[in-house]
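Common to both upcoming complexes is chain A, partnered first by chain B, then by chain C.
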Partner chain A sequence: MLLEVTNLRTSFFLDNGELKAVDDISFSIEEKQTLAIVGESGCGKTVAAMSILNLVSLPGRIISGRVNFEGANLLELNNDKLCDIRGRKIGMVFQEPASSLNPVFTIGAQLRETLVRHTQLNKHEISARAIKLLGDMDFKEPENWVNAYPHQLSGGMKQRAAIALAMCTQPKLLIADEPTTALDVTVQAEILDLLKFLKEEHEMAMLLISHDLGVVAELADRVTVMYAGKQFENASLEHILTVAKHPYTQGLLKSMLHLDTINNDFLEVIPGSVPDLLDLPKGCSFHPRCSLKESICQEHVPKISLHKNNTLCACHLVTNQY
Partner chain B sequence: MQNQSPLLVVKNLKTYFPSGKAWFGKQNYIKAVDGVSLRINRNEIIGLVGESGSGKTTLGRSILRLTASNQGEIIFKGNDILALKGSALRAIRKEIQLIFQDPYASLSPRLQIRKLIAEPLLLHNIVPEAMVDQRVSELLEEVGLENYFKDRYPHEMSGGQRQRIAIARVLALQPELIIADEPVSALDVSVTAQILNLLKEIQKKNSMSVLFISHDLKVIAHMADRILVMYAGRIIEEGMTQDLLTHPLHPYTKLLIASIPSYENRNTTRRINQQKKSDQQYSAKNGCPFVGRCAEAQSVCKQIYPHLKESKGNRFVACHFN
Partner chain C sequence: MLLGIASLVFFIIHIAPGDPLDMLINQYQRNVPSPETIEAFRIKYGLDQPIHIQYFKWLQNCLAGDLGESFRYHRPVTTLITERIPFTIQLTFLALLFDALFGILLGIISAVKQYTLTDKIISVGSLIIYSIPGFWLALMLILIFSVNLGWLPLSQTRSLDYDLLSGVDQFKDRLMHLILPVFVLGIASAASTARYLRSRLLEVLNEEFILAARARGIKEKAVIFSHALKNALIPIITIYGMSLPFLLGGSVLIESIFSWPGMGSLAIEAVQNRDYPLILATTMMGAILVVLGNLLADIMYAIVDPRVSYDT
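And then the complex of A and B:
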């Protein structure tokens, strides 16, 4: 197992209470596997990813849990050792490419900085490597683009440059937080193609964070569904797409649009909206929106439990026989 | 039988924005809308799809004269909107209403919901003052919100609820045409489905026409009766939804459809790069604006602009080879 997250809890301590952004989450990623965390805004998917790299800042705090990466618990490493892993073994790509690039340095300078920090190459090798990296990211004439500043690049090129930065050291794991959300459809397709290619080429594992089930269907091998800080379901992609068990996952799938929903039908929807994390309903946090709820759902928080085919599900109504 | 004349006809509309000028030189323009003609029938939802910068928002705003156009005609129920002034223009604006993308920006943060919805009612003298409060309640009910929201402020509501308020404000005027500019782009998956259903429901109930603008072909496919594809300020393809999506004619429309992430696309990589494409896209001065990205381009495409012309079966396409 490459990455193993167990019982992770991260809270934000605000004036009006403790906001449990990530509330007891466990998942693991095998080598070369892509796991997607799916959920709506505010469900804690980004905080979960940040917690893995121990990047949560005040008023947020990781309360408990383990993040085992290649045998070491990242939450217990000192800062020096952690910095060696961040960027070298775990790369990260964010939603907004403009914010992960420094506007006052050229793309080449930023790539070289990372290469100097994480490799033993000499100056010439580093320059050549920077150009090659851009070439690998489908930049045409990369020798010209290394000297470009971020503002001279289009949105898609910026994201490709940001991916180049993350790929500098050939990480074992790439964390991609909504990597295509800010991009146009055709550019999104380019980035998805690039990510698929890099995964194959470098035998890299990936933690994908997305709200878009289409993107997830294209990239992920395994999916974990989050809602209001909790993990609701964790199963293989095929399982999620065809026989999802949790009512929330089912609802998400039904409200997903396809090109062949060309008709005048109404979509099946999940009523209501995501609850306030500071004022969660009693029992299952999803029960006010759930059409299947029973009295137990309003009283007790369902525990996540293992079902057939290595599927995890947190719902009182999903039993082992099912 | 309904009046069969179209509700809105736009003829050869051009909206240019000045962008710098050489010394003693010619004024340069960004041609945001460059010779667009379209027709919206009564009781019809038209989908306008295009990527960022294609001019779709400018086209929507130009129809309402929120952005001044340089040339063309906009004929709404027989009157040319571009020739109207003062009270006549105000009267038209009552009949064409706009829903914006960002429900956080389009509602005044200082007004309670009751005042926000009452505002259009009072401004256009829709109901006598004594009846306003009752009408506000009816409108809230129509958009699926409880009566107690009257006393709330926009910041106390979620994105989906705010978009419902924006829709209630539009409904207050009983317009004949709604221009919905990316109304669900800022919303979560489960909420998007709710708002799309609501828009469909009110369109059917009130027999209104909708110009639905979106970058997301899946949303357009679900909503629209007829689709217009916009690229670089022009309409490049038009057709009935099912036709256009199952048999796209223009290479750009084909690209848009192929770009939608899905499970089926999991094993297709490099689909975009098979096309000749450079980072600095070739833009033809007189030729087709898509030539730099087009897989099917020939030399004629660089020289002659393809005008939108009728193709088989009530389809329109602007391509030399289709």
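And then the complex of A and C:
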């Protein structure tokens, strides 16, 4: 197993209470495999990704859990070792390409800095490598673009530059946090194709984060569904798309089918919105929006339990025979 | 615009009470000049004419590059100013340097050590220093270091026996004379630089590209000193351009406290003596320096910030 996340909990300690952004999440990724975390915005997906890299900063704190990467628990490594893994073995692409690139350095400078940090190449080789990386990301005339500043690039190009930065040292795992959400619809497909190509070309594992099951269906092998900090389901993509029983997953599926026809009106199939994480409903946190809820749902939090085919599910209605 | 400012000053000083001749007469307390001498003076400098005539004459000369002759020194004001201006530039420049060095250093330290005791000491300290009036600080420091301890000279740019000193000692002597005025002039702006840089750095450190740099394994030192600092320092340049007027304003006071022979003390003397041409010229010089400072800041900004381009 390349990455094994077990019982991860991350909270933000705010003035008005403890915000449990990630509340007991477990999943694992094999080499070359792609796992997707899906869930509406505000469900804790980004915090989960940051926790894997041990990059949560105050007022947030990782409370418990393990993040085993190639056998070592990243949450217990010292800072130097951690910095050697970040960017070298695990690359990360952020949601907003416009804000994930430093505006006052050229693309080339940022690429070279990362290459200097993680490789033994000489100056000349590093400059050449920076240009080649941009070329690999489908930049036409990459030798010109290395000298460009982020603001001179279009949204799609920025994201491709950000992917180049994450791919500097051919990481074993790429974390892509909503890599297409901030982009124009036309560019989204390009970026998805690029990610698909890179993952196959470099035999790379991927942690894809998205609120859009459509995107997930293109890339993922396995899917974890998150809602309000909790894990609702963890199953193979096939299982999720065909036989998933969890009412929230079904809602996401329906909204995926409706997404293209109704002008992007997101998740109108599931009424209401994600609850305030500081003021979660009693019982199953999804119950105010769930059409199938029963009285037990309002009283008891459903436990996540193992089902057939190595599937995890947390719902009172989904019992063992499933 | 410069002429506009000068014109305004022209009318204000003519309306304001006090007559240059009274001041002149006071100078000669022991042998009061005869009424004829006074009248001759009045005519020589055109003070007998109605104010609007004086104004247009002055304006005409001004545009021809002639700023007139000082009532008091009987020398062209341009000469006086060119004599004095290097001293002011020296003082202001060193104060800016002091500001940059200490302001930036303290700003970084308190941002990096946010919420620690060090941070609190720097923050409270800079707030106090920022609110202390410059003249009071100057007098206190003179009292402590010059009068009581005798470590530093009281005032002036050099000692009386300066000419007798060796080259190295001459340099040391000048340095000793610079310490207090530069410190007093620079410390308040250093405090505001530190405060500004701290908050700006903390803001930048929350940006996503900082997180992205950390996620690429960039070491924390490089994250702070390269990624965050460059972003945080860019607006400081504009702040510098804007702080120039305050520095110059402050130098007027500091120069007269330390008998520093710069533009500031010249301006004060000019006002005290109702030396109209000199008042006008020093005011205009001040305005020119402020405009130049802002221009310089704009140019620097365009050079260091890649997002500002010349053609937009």
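Definition applied: the second predicted complex is superposed on the first by the 310 of 322 C-alpha atoms of A that agree within 3 Å, B and C clash if a C-alpha of one lies under 4 Å from a C-alpha of the other, contacts with A are read in each partner's own complex, and residues count from 1 in each chain.
Definition applied: a residue touches a chain if its C-beta (ideal position, glycine included) is under 8 Å from a C-beta of that chain, and two chains touch if they have at least 3 such contacts.
Nothing here was measured: the structure is a model prediction, and the numbers come from that model.
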{"item": "Superposed partners chain B and chain C on chain A - clash or fit", "value": "fit"}
{"item": "Comparison of chain B and chain C by chain A residues contacted", "value": "B"}
{"item": "Geometry of the superposed three-chain model: angle at chain A (Cα centres of chain B and chain C, steps of 10 degrees)", "value": "80"}
{"item": "Partner chain in contact with A:53 - chain B first, chain C second, else both or neither", "value": "second"}
{"item": "Partner chain(s) touched by A:102 [first = chain B, second = chain C, both, neither]", "value": "second"}
{"item": "First (chain B), second (chain C), both or neither touched by A:270", "value": "first"}
{"item": "Touching partner for A:168 - first (chain B), second (chain C), both, neither", "value": "second"}
{"item": "Which of chain B and chain C A:190 touches, first, second, both or neither", "value": "first"}
{"item": "Lowest C-alpha to C-alpha distance for chain C against chain B (Å)", "value": "8"}
{"item": "Interface residues, chain A side, partner chain C - complex", "value": "50, 53, 55, 79, 83-88, 91-92, 94, 96, 99-106, 113-114, 117-118, 149, 151, 162, 165-166, 168"}
{"item": "Partner chain A, residues of chain B touching it in the complex", "value": "51-52, 158, 160-161, 188-194, 196-197, 200-201, 215-219, 221-222, 241-242, 245, 255-263, 265-266, 269-273, 278-279"}
{"item": "Contacting residues of chain C [partner chain A, same complex]", "value": "207-209, 211-220, 222, 226-227, 230-231, 234, 305-307"}
{"item": "Chain A residues within the chain B interface of the complex", "value": "40-41, 138-141, 145, 154, 157, 180, 184-186, 188-190, 192-193, 196-197, 200, 211-215, 217-219, 237, 241, 251-252, 255-262, 264, 266-271, 273-274"}
